[in-house]
Amino acid sequence: MQPIDIGIVAIVLGMAVAAYRILIGPSSADRGAGADVVFYGFVGLIALLGFRLGTDLVVDIVLVCALVGFLSALSVARLISGGKR
Amino acid sequence: MTYLLWVLRTLRFPFYFGFEVVKTTFVVLYDALTRGSSSTPAFVEVPTRCRTDFETTMLANMISLTPGTVTVAVGEDSPVTLWVHSLYVDDRASFRADIHTMEDHLLAVTRPRAGVPSRPTTAESTERGER
Amino acid sequence: MLLLTSILVLAVTVLSIPLVERVLGRNTGWFAAAVLAALTALIAAQAPQVLGSGEALTYSVPWMPQIGVEFHLRMDALGWMFTLLVTGVGALIMAYSTRYFPPGRRLGFYLLMTLFAFAMTGLVLADDVVLLYVFWELTTITSFYLIGLSGPGASRPAIRTFLITALGGLALLGAVVLLVVRTGTTQLSTILADQSWTQDTSFTALVAFLVVGAVFTKSAQFPFHYWLPDAMAASTPVSAYLHAAAMVKAGIYLAMRFTPAFGEVLVWNTALIAFGLITAVVGAVFALQQHDLKRLAAYSTVSQLGFLIAVIGIGTPEALVAAAAHTVAHALFKSALFMVVGLVDHEAGTRDLRDLGGLARRMPVTAGIATLASLSMAGIPPLLGFVSKEYLFAGLLGAPGGPWAGVLAGAVAVGAAAFTFAYSFRFVHSAFFGEPRGKRRAEQEDVHEAPVAFWGPASLSALGGLVLGLAVPVLDPLVNGVSQDTTGTAAEAHLLLWHGFNPELAMSALAIGLGALLVWRTASGDSYAGRALLPVDGPSVFERIHSALISTGRRVGDLTRTDTVAFHLGTPVVVVLVLATAVLWLGIDIPAPAGQTSRPLDWLLVGLMGVAVLGAVLTRSRLAALALIGVAGFTTALWLFFLGAFDVALTQLLVEVLTVVVAVLVLRRLPRRFHPVTRKRSALTAVIAIAAGSVAGVAAFALTGRRELSSAASYFLDNAPEDTGGTNVVNTILVDYRAFDTLGELVVLGVAGLIIIAVLRSTDLLPVHQARKPSVPVTNPVFEAVPNTVLMRTVAKYLLPILVVWSLYLLVRGHNEPGGGFIGGLVGGSAFALTYLAASSDAAARIRLAYPTIIGSGVLVALGTGLLGFLEGSFLLPLHAEIPLPGGEYFHFTTALIFDVGVYLVVVGVLLAALNELGLESGDGTDRAAPPPSPPGTSGGGNADETAPSSEGSGATAAGVDTTTTGGAR
Amino acid sequence: MTLAVTIAIMVAGGVYLMLQRGMVRIVLGLLLVGHAVNLLIMSAGGVFRRDQPLLGINPPDWAADPLPQAFVLTAIVIAFSIVIYMLTLAASGSDDDTEDVS
Amino acid sequence: MTPLEIASLACMIAGSLVFLAGAFGLLRLRDFYARLSGVTIAGGLAPALVFLGLFLDYPTLENAWKIALALLIQLATAAIGGNAMARAGYLAGTGTSSATLFDDLEKVGREPSTEGSENDPGEDGKA
Amino acid sequence: MNPALLPLFVGVPLAVAGLMAVFTPPMRARSTLMMVPSGLGLAASSFLLWQTRDGQIFAHNVGLWPDGISIPFVADTFTALMLWTTSLLVLVTSAFAAAVHDDRSPFFPSLVLVLYAGVSGALLTGDIFNLFVFIEVMLLPSYGLLAMMGAFGRLRAGRIYVTVNLLTSTIFLAGVALVYGTAGTVHMGELAGAASESPMVAVGMGVVILALSIKAAVVPVHGWLARTYPRASPAVTALFSGLHTKVAIYAIYRLYALVFDGDSTYLWIGVVAFSATMLIGVLGAVGEDTTRSILVFHMISQIGYILFGVALFTEIGLMAGIFYLVHHMIVKASLFLSTGAIEHTYGTGALNELGGIAQRQPLLGLIFMGAALSLAGLPPFSGFVAKLSLVIGAVDAQQWTAAVIMIVVSIITLMSMLKIWGGVFWGKDPARETEHEDAGATSDPDGSTTVTTTRVRPMVLVPGLILTATTLCIGLGAQVLLALSTEAAQGLLDTSGYIEAVLG
């Protein structure tokens, strides 16, 4: 174990909590919010992995994540509003 | 001179906003992680001084990025009106004032020459402020 | 050579029929008759060699040497006799047919009749068991069609006949296969001469049993006899030829042919004698019962075939002599009688004995023919039928199994012969003599004799019986030859009309006497006819079995007759589980792991995956399930990061995001919640699922990670940079080493885009589901699309260039660092997704690019790169070039990069297709009409599954129009 | 071991979803099983080596087997293609139910 | 460990903990609009700290602009995502906490709603 | 022949498919263009067949990478035979599709060509992962073709088809993973004999073969086929029937021979499963009431026969199986085309809604019945030789029960073929009846004439005629195909030639 693993555990735990929010809802919007949080956790985790694995390749990946992750958030929002723009 | 001030304002801006975010983050987290809740939520109509899409977007995003507040809707008029959901609303006027403070900081950056215009104070909004 | 000539002549005749028939119409019969008559003469001329010297004619040419099958032909006395019957009687029937049918085209009939003659000739000449079987089935097939030619009413009888004879044919096939495998040859004469297999009693009995099956069905032996009367639905020439003279004799031929092998096999003797005699009696009894002349003739044939089978079953040389003689006799009289039936039917307009009578005055010649043939059939001297029946009796008296057996067989035969006499009398008397009867009495006044061309062939056949009866010794060489061929001993029989007082004569007399008594007691059968003797009849038994089989089949089909996808998916899963259990049960030795495959942090991912999967399983909300599966997908991507697969992880991530983007386009058209299932089903599913998961886990644990790095992997890690100029080994595998996989993959992706477009152009999309319509009035500022999307549009404006630049950067650098065409394409595609999502209206969102063209171009670019490889010798071989850069450095260029551009284009094209085809609502590009504000109770409280039909229809139309303005296929 | 457990969880969940009603759930189940098989392919390379096979950065000594990675990349794209098509099927026709109409 | 590494580690762990706290906010706050604050925390401050930590771990110029860009994009998209989610939730009629004082949007156009906070009738009728 | 050209069997159809997606040619040119690749393929595979007839094997490392690293494309007699049959079927079916205007559907030509490319690739490849990829290349267009063209219920069928196939592909891929996990290679040359040496590899390869068996619709995993094929358009069913399950069968033959060395330990599994397949399939067929559903169940039954050859794994068994495979592809497609022509013309395939067609169009009856009799194994058609040699193979291997089942099944096959014959070609002609009713009820002459003059157009008949003629020719000149099948069987029995060709 390394100190950074505390952070990794924290983020994974946070993702699990958010997943639980997705499960319990109660509204579609809540689920959507939960999904957003999971994704942010994912981005954070990749950054932490960069530290853990000792590679700055993750920087590019983080950038890509930031760019595209938002698409899923917008899509889910679009679903919640029934396709209403 | 104006330009130099603008540069300084611009440099100060991230720190201002960062501090706002950190502050509100802790306020909300305290609320969330302790028993019970002190929140007094409301959807507030906030008239702004934003003229360009960029300004509108920046302001709305700053509101959204600040924990405790989120922009729900954007109005059509220019300057635009925002509808903001906030967890801690005492009354309309004070909440709008908070937002306008944030707006001041923003416009100070986006309008290097014109500077920050005065806050809109309409009779209607005052009226609404009374609960 | 003669054999080949005969076969070829017949084959050519068949092939020429379509031309000849075009010219001659129904008179094609003359042509066919001429050919057959010439062949008859030709074959008859071989008598000196075949019968005289006893040397068979042979011919052979290889056919299917791989399974030892040769085109062997052989003509011994037996073959000679049957060939003559086929061609001779065939000639007569063909001639007869020219007048039987009204003027007009008869292509089908003559084609099939000549084909039948060909098949039958081949059957009796074949000296290869496989060839024999081929011709055997060919006779069945032609028979089927010939019956069916008679119109809709004949279709069931034809099918019944076909199936029952084909069943026998398959028994023959079984016998053939057994013999071929056992003896290692397909040559019939060799097999029959081979003594080795006949020593194995049970094997011989099995083969004999199968041959008996073939014989009985083909020659209409009890209990398969019923097909023959059933087949009388056929036209009379067909019946005369196939169902009297030729095809039914195939069974007789086969039985005689196999006598050398089975003559001493008990099961053979017993079956043939017992069933033959039963058939003789049953046939005769039923014949007397008939009102229909044709059915009478048919049952008579059944009966006579029974006699023949029984006597062949005796297996002695004498018996075989009798069989040979009676075969000839029967062919002559029965074909004549059938032709008479046709004459009567034709001229008098009916075949019903109740409506006939007294025809002799109107049709004296026909009456004469009928009388002559019937006398032969009844066994009255001096006709051939008398002689042959005498020999039949003599043969039967020699039945094996003790003296009582012979007596019993003789007694039964006499009984059958008595009935034979009776129905023969009935045939002639009721039709031609006495007064006209029945409904058609009046019309019979107009009846007159048929033209000579019509009755000529019949008369020849009938006279044949008389001539051969009088000159019966002529047949001596033939019958002795047959006896030699079938039993190995020449009987040295001398056929005589009169050979003194002997038991056979007494039996004949007794039979005639009893027959006369029967005629008298039953008013020549009238009082006895039409009564049901058995509670069941053949056709209805057949149909009952047939429909039982069909309903069994229906039940078998019902096992899988469901559109429930879970059933079709569950079956393979369960099969996998069963087999996996078997493997686990047997157990396999597994080596120790080759390294430390687990690390502590991994458990975090296990836990996260557990949460996501459990949630996805438990939830009934579609959105939750999608999101949680997305979480599982991200966790998978994290796993890939943990495992050092950065390219893959990035791809997984992008795919996950885009899957979500596409999925929500779909989800909004569906109810919020999943369809409910019963608790019981969930429990069962859970059991299957847990078992499947365990199996997968065990397989992953036991069968992976237990070997060192593979040699291929070492090769890639050691050589990729030199081989390809790239340091991202995964990417070099994708675009260099295994570019073919990638080409396939990109074709798959491109096709997915095309079929999404194609399917949606042939089908309507569902409308947006009621439950998902906004519940906010249009007057609310939240509802306004344009101002509310300003935020995303502004952000998108800045993001888009970054996305595009970044995607190209990823594309170019892929060979050395994580990236490549696919990842680049996905990022580039995201730009379009963003454009779509951020637009304030569908019109603004529509991307007016011809995405099928983009997809196709991508495939072409990748393929083109592949083809360039041929310049250096192989498809998809990347070419390399060092391009000098201004700074004195070199850029290592490889066509793999162009290949990646193809990949990029396809990915972008497909994403465009999905977004445009699935994402846009209506063709005019405007926002959907604002939905009415729905009270909270209905918007969410209603049945999630229910979609009002009207709204569905309108929505579907709106979505359907979309196809007119999207894409570039037009 | 950890990867095997993950695969077990995913397959169990995937099979459960796959045997439910409604096209969307089935698609999600198949998607999950597909991910699991991708991990199985990774596992087949031997996950005791976990360095990225990027020779510009890492020496090949402890680099993971690159071949399964290439396989998984291909498999992901193929699965994605089919999934978006299946989703299209779910959204067309009369509804996404996959049971017999009673 | 170098001070830079320690700083990096501290930032990352702090960011992770903030993320976890935000996630708990998502779990514990009492209505959807409140929970969005949790999302904001997880998507704003938390990634900012983590990204900063990442930069401190690999402090090169290339990484500087890449991470700065990533952070800007992250913040902008998180904000837009939050806004989109809030608006979508509002459009879908997601209920508000009973403590909600007033709704100016409603005054402008929304009809009175009887929806309770935790009982969202817009969701899943047949529960 | 230069083996480097083998990938063109994939490349040429893909190129034309791509071109036709980019530039949409006019209708007439489309039909022609669609047939060009399969026409070329037919010629090329004929040449290849000629070259490989004596057992020569062509192999090429695509991209010229070293042995064991590169994906090999290999053609022996078996491959060439399958390529030839595939090309013929694609050509003929395309002609049929053009005649019934199926090719006017969006992207139809491109999809058919990709399908063709996928099949060719799957036949030629010597790498099991690449096999997976090409099976997907074959399947993807099929998913679309099934769901976009056909009658009522095609979407439901499309769902079953795509999900089952995806599941199966996933299982296949899992098998590939296990093979790589245990054997460390996916190269078929390097895998030779691996499963007979190591039970671990045998399990992995077993999973692959199981997946292929599901794709081949072996009982008890046959239900999906029976539910989906009858709902596609006739041309599509014909195409699928000839190609899809057959690629799976080909792969089973190849892999069992190569990787298992025809290990007889597993013989009994095949004997049981394939006997059940023969029987269940034929019983299902006899219970159905529309032409295509009957034919589809038959397909299942016949798959049992074909796979029996590999279960026997004797020279005669394999030879018979391969012969049967080729015969079946041709005959089944012919049957689907002739009944499809009827369905296309009369708008139904229900036995009780049709009748009397033999009288109206005897040629059509001939086309159908020739193929039907061939299917039932009657001489002089190819089906007879196929069944005969297979039964000989079974008896030779002392598989008595199976031999009996084969024979019993053929009579039930005949029975169901006669069910179609009696229902569609003979019997009352409902159209004629309608005509009389019309004549009595109304005085509109056009209405009745239209009904009676409904005939299958000649262009629609030709494809089926070609195939029925082919089955007759194969039956009469059986030695040619028997020789090729024997050569192919020997290649499977002795895989050293194959191994040498791919590994140098």
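Residue numbering begins at 1 within each chain, and the chains themselves are lettered A, B, C, D, E and F in the order written.
Just so it is clear, contacts are C-beta pairs under 8 Å (C-beta built on N, C-alpha and C of every residue); 3 or more make two chains touch, one makes a residue touch a chain.
As the structure is a computational prediction, the values presented were derived from the model and not from experiment.
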**OP:** Work out which chains are contact partners of both chain B and chain E.
**Re:** C
Subject >> Chain whose Cα centroid lies nearest the overall Cα centroid >> reply: F
Subject >> Contact-richer chain pair (by C-beta pairs counted) among C-D and A-D >> reply: C-D
**OP:** Would you kindly say which chain has the C-alpha centre located farthest from the C-alpha centre of chain C?
**Re:** B
Subject >> Whole-Å gap separating chain C and chain E, where each centre is the average of the chain's CA atoms >> reply: 65
**OP:** Starting from the mean Cα coordinates of chain D and chain E, work out the distance between those two points in Å.
**Re:** 29
Original post:
If you average the CA atoms of chain B and of chain F, how far apart do the two points sit, in angstrom?
Top reply: 69
Subject >> Distance from the mean Cα position of chain F to that of chain E, given in whole angstrom >> reply: 56
Original post:
Listing for chain B: what residues touch at least two other chains?
Top reply: 60-61, 71-73, 83
Original post:
Multi-chain contacts in chain D: which residues touch at least two other chains?
Top reply: 18, 23, 26, 40, 43-46, 52, 54, 57, 67, 71, 74, 78, 81-82, 85, 89-90, 92-93, 98
**OP:** Hunt down the residues of chain A that sit against at least two other chains at once, touch-wise.
**Re:** 8, 15, 20, 25, 28, 32, 34, 57, 60, 63, 67, 69-70, 74, 76, 78-82, 84
Original post:
Mind giving me all the chain pairs that touch?
Top reply: A-C, A-D, A-E, B-C, B-E, C-D, C-E, C-F, D-F
**OP:** Would you pull the chain A residues touching chain E in the complex into a rising list?
**Re:** 3-4, 6-8, 10-11, 13-15, 17-18, 20-21, 25-30, 32-34, 36-37, 40-41, 43-44, 47-48, 50-51, 56, 58-60, 62-63, 66-67, 69-70, 73-74, 76-82, 84
Original post:
How about chain A: which of its residues touch chain D in the complex?
Top reply: 55, 57
Subject >> Interface residues, chain F side, partner chain D - complex >> reply: 129, 133, 136, 140, 143-144, 147, 155-156, 158-159, 162-163, 166-167, 169-170, 173-174, 176-178, 180-181
**OP:** Would you mind writing out the residues of chain C in touch with chain F in their complex?
**Re:** 62-67, 108, 130, 133-135, 137-138, 140-141, 148, 152, 155-156, 158-159, 162-163, 166-167, 169-170, 173-174, 176-178, 180-181, 546, 549-563, 565, 567-569, 571-573, 575-576, 579, 583, 588-590, 696, 699, 702-707, 710-713, 715-716, 723, 736-741, 743-745, 747-748, 750-752, 754-755, 757-759, 761-763, 852-853, 855-857, 859-860, 863, 866-867, 869-870, 872-878, 969-970
Original post:
Okay, in this complex, where on chain D does chain F touch?
Top reply: 18, 23, 26-27, 30, 33-34, 37, 40-41, 43-46, 67-68, 71, 74-75, 78-79, 81-82, 85-86, 89-90, 92-93, 98
